[in-house]
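For reference, the structure is listed below as structure tokens.
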Amino acid sequence: MAGESGFDTFVDDLPRKWWFKLLANWIVIPFWAWLRPTPPLPGGPRPTPQPSENVQRMMNLVMPLKDKSPLGRAYAAMAVAQNVNEIFAGLDNVGTVHFARFVVIGDNLCMISVYDGDFTNYIRDFIATVGSVFDAIMDLVEGGEAVKPCETKIDAFIDWIHAHDLFQAPDLPTDLFRLQDAARGVERKREPGLLRSLSREYILQLNANPNFSLGGGYRAYPGFSVAQVRQKLGVGW
Amino acid sequence: MVSVAFDRLEIQGNILRGYRRNLVRHLVLEVRNRDAARRFLGVAAAGGSDDVPRITNEAPGRARPDAFFNIGLTFAGLRALGAPQDTLASFPTEFVEGMTRRALKLGDFGPGAPEHWPQPFDNPARVHIVASIYADFKASLDKAQAQVAPAFTIVGVLDGRSLPNQKVFFDYKDNISQPRFQGIDDPEQRRVDEPKDPLGTVLLGHPTRFEGLEFGVPVPRELGFNGSYNAFRVLRQDAAGFERYLTTAAERLLSHPDVGQLLPKGEEGWIGAGLDRVGALREIVAAQMCGRWRNGVPLALSPDSPLPEPGVSETNFDYPRGSTCPAGSHIRRANPRGGQIVQRIANRTRRLVRRGMSYGPDFDPKLPDDAERGLLGNFIGASLGAQFEAVMYDWINLGLQDPDITGSNDPLLGANEPETSWFDLRLRNGGHIRLRGFPRFVWARGGAYTFLPSLPAITYLSKLTG
Amino acid sequence: MTEEEMAKKAVEALDIVPGGDTRRRPVHTNGVGVEGHFVASEAARDYCVAEHFQGGKIKVTARFSNGSGKTALHDGWSDVRGLAVRFHLEQDKQEERAVDLLAMTLTEFFTPTYETFLKFASYTNPEAPVTRQSAWRKLLELLELIQPALPAPYPGQTTSSVAGALRYADEHARSELSIFHAAAIGAPKSYARAAYHAVHTFFAVAPDGTRRAVRFNWVPVSGVLNTGPEDPVVDDYLKSDLQLRIKGKLGIGTDPEPVRFILMMTIGETGDDFDDPSRSWPPHRTRIVMGTLTIDAVASDQDADGERLSFNPWRLVEGLEPSNDPILSLRRNAYEFSRKRRGGVAGCPFSGV
């Protein structure tokens, strides 16, 4: 481009250079992470007053397997497969789960679900009905013993699940500033700070929350609960 | 399920039963001098002295002191008293975070947001203890306050009183239905036939209604066992706005094609002597929003009149299919009893003990004014998360328990805005008329999550060192 | 200050030369007039009694536009695009009856109020010379993990308001989202391949009298697609793209292929901003499919059916009501002032109000 020196071009190309990426990952980002401590943000959807935010909420539970081998994954598969009755009983009684899937991704057992209402009620009601399923799973995942049996350690268990539920990056990207301010316990004095620093804040946040969900998910018919859908379709609730 | 030996003398007296006094004074205390505070608690738990009020316990046929005295501690308060780290870490997250950080779950946003709360709740870090004095005479309150003052910094004083005839602002008879507990004989509840709740509903360390599920007992057990949690709420009530809305709704209903299914012509007198049609419709709207007529008679048993012949029980009813009590009404949202709800498992697991007194000047509906008045409420249970927050977040607001009300908030207590609020009035033919456009009538002006320790636990706290 | 004076000031704040170019619109200056029709969905009438939502075939004229207020055409430059739609209703005696819906590719407006709008306009002078960051500055910002401040200028570009907008965002938190979005908005492959948002809240009145706070947006049936970073930057292609597309000569098929958009209506909820167009609603609100817009011709008389048409977001009909959004209020008189200044037709629907 006219008027650009060779140095300009060099700088413009830097982000694509392998050695610059190395430098960024090993020095620049750790430096900033040290300078601007960024606590991991909590998982799951955030509480809000809007009904449509409180139905069809997304849980992306990622639980690292203790045994990261085909055998370990097989045990995880078995733990879930042996509890199908329990899972159905939980679904039907809790009444607020749209979809739930167990998947093994890498060395993680993941439970991915869409549910209505408050997260802690969802987990608590589920444990009250089918706690044994989660006890079986807790045996297989890192840190699981500490919250077992989940029926009698229900508060700790809910906190554990919350900590393993993926952070959901805000649907409106600039909302990240506010979430971080709250987590860092600061009030942004000069509002709102450099807008372009949003890129840095995202890098630091993804450094603190390596797994995350981009936004709260997309829905074809947002705003309706399990029971509303079932009622409307005439299949009972 | 383990049955645990239980000595009711060790429980604070405001948990299982109410005192039914004329006056209450809640003192919001900051622990400035840890030693003075501990000494005070030690003496108070051991029976009091000339200088320290006695903490009232749960004694059957107890003597009637001039003043009943109870305390609750916030998480900041436990820390200020020097509770060790492993103790602090054993409390549940919602209590650790405190009421202000749970604001969105409780509907405390907009005018009810904590940033609008006045002193002392504008600074939760200084809210350490809420000490409550119940008495019939102001002199007794003053005396107890004078006894408390030397040991703490009093950062807030909130006075409440019982309105005549068990009424609250909005003119409903309140404090009718409370949980009953297994093994506890409450003479006032002998004629109530609701199922008894296990003691673990309200006290830590006992079985809960969730089979096999126990709420965590903070450590050491001496501190946590037989403890309870309280959501202390200062709730402002817009009495003028409420009465105004009743008139607006009634006037709109007058011309509604289905109004005859709500109030057949000529039946105005069943609603109240001398009422005109608007006046009668106002009472019907008020009754359906609450689930009770303003005199306390439940719609579930008497849908068409507040003065049924013969009379009906105020407490003994359920919500079968086709119940004459609207699913969206306040009392049915707060306690769906045995009725069908989406979360089958949650029937009767979210029970709360409620104790409330009114604050602020009298309200005269004929001369409405906007003075600040409302309710000083205690919402007590063994788990703030599983009970108080669960009721507030999923049931009072959102209405998740029944697809017919999902997406709407409690018409009386909910976080409503005129643009989005709705409530379905139930018609006699089973149909409904949807009311819209009502504002928020109740919003928080303060509050705190407190732990209500047993008497041995208070003694334990008094002996902390360091 | 009267509302008319505020409107005048607001329009003049956008003028590039003092007094403005009195023949053209002050912003969204270049555009293409088109014709077509709208058919409401089966669900629409349950949510809004407005005439064009009852299901009949409604004649439509519309104008696509580039957001820039400059007269020189640069379709390929990054810019907000507009879609203004007029629904022509049944004529009542002599009076022309219509509803206008004005939308743009940005999901929210830049500012919430009149005062902030004037201030924003003062920061975003389109005649500000393009500034370049030095290579050293860019290097420093890379090490600060900060996004590049400014895109490289397009060939021939000498002025830009981007730097001013970013500076405004740094000082005004309420505007950071819109400016963040605007900075990355790019250029659409086609006017038919962009989504357009009507940013303001309106109230839709249902047959049972229910008033719902709603926002509208147009979703292109052919999908959303921007030009790629490697594509050549072309100054004039959007109008011919529409012409070719409609004639079926884009190479997709040989039959004429009308351009279609779905009109979606999002229902607001407790706690949403009804009066603030600078705040998007979160994307999980209930959405109603209100109908399909079919554009089957580029207007043959671009002057009469595009440039001289004057849209106004307050041209509404029973069943659609404005919110108290101060920017929406401002637009009512600002569009009217602008129309008069450039001698536009289709007069004010509120003369006599």
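A, B and C label the chains in the order they appear, each numbered from 1.
Quick note on the criterion: a contact is a pair of C-beta atoms (placed from the backbone, for glycine too) under 8 Å apart; a residue touches a chain by one contact, two chains touch by 3 or more.
Just so it is clear, the structure is predicted and the values come from calculations on it, not from any experiment.
Please indicate which chain is farthest from chain C, where distance is taken between mean Cα coordinates of the chains.
B
By the contact definition above, name the pair with the higher C-beta contact count: A-C or B-C.
When B-C is set beside A-C, the one with more contacts is A-C.
Approximately how many whole Å separate the CA-defined centres of chain A and chain C?
35
Determine the centre-to-centre distance between chain B and chain C, using the mean Cα coordinates as centres, and give it in whole Å.
Each chain reduced to its C-alpha mean, chain B and chain C end up 50 Å apart.
Can you list the chain C residues in contact with two or more other chains?
Counting only residues that touch two or more other chains, chain C contributes 269-271.
Hunt down the residues of chain A that sit against at least two other chains at once, touch-wise.
Residue numbers touching two or more other chains: 48-49, 51-52, 223-224.
Mark out which residues of chain B touch at least two other chains, giving numbers and ranges.
In chain B, 109, 415 touch at least two other chains.
If we count contacts the way the header does, which residues on chain B are in touch with chain A in the complex?
92-93, 102, 104-105, 107, 109, 210-216, 341-346, 349, 383, 385-386, 389-390, 393-394, 397-398, 400, 402-404, 406-408, 415
Going by the contact rule at the top, pick out the chain A residues touching chain C in the complex.
Within the complex, chain A contacts chain C at residues 1-3, 5, 7-8, 10-12, 14-15, 24, 28-29, 32, 48-53, 56, 171-174, 177, 188, 191-200, 203-204, 215-216, 218-219, 221-224.
Applying the document's contact rule, which stretches of chain B touch chain C when the two form their complex?
109-110, 409, 415-417, 419-421, 434, 436
Under the definition above, what is the set of chain C residues touching chain B in their complex?
Spelled out, the residues of chain C in touch with chain B are 208, 210-211, 213, 268-271, 274.
Mind pulling up the chain A residues that touch chain B in the complex?
Against chain B, the touching part of chain A is residues 46-49, 51-52, 54-55, 92-96, 116-118, 120-121, 124-125, 127-129, 131, 151-156, 158-159, 223-228, 230-232, 237.
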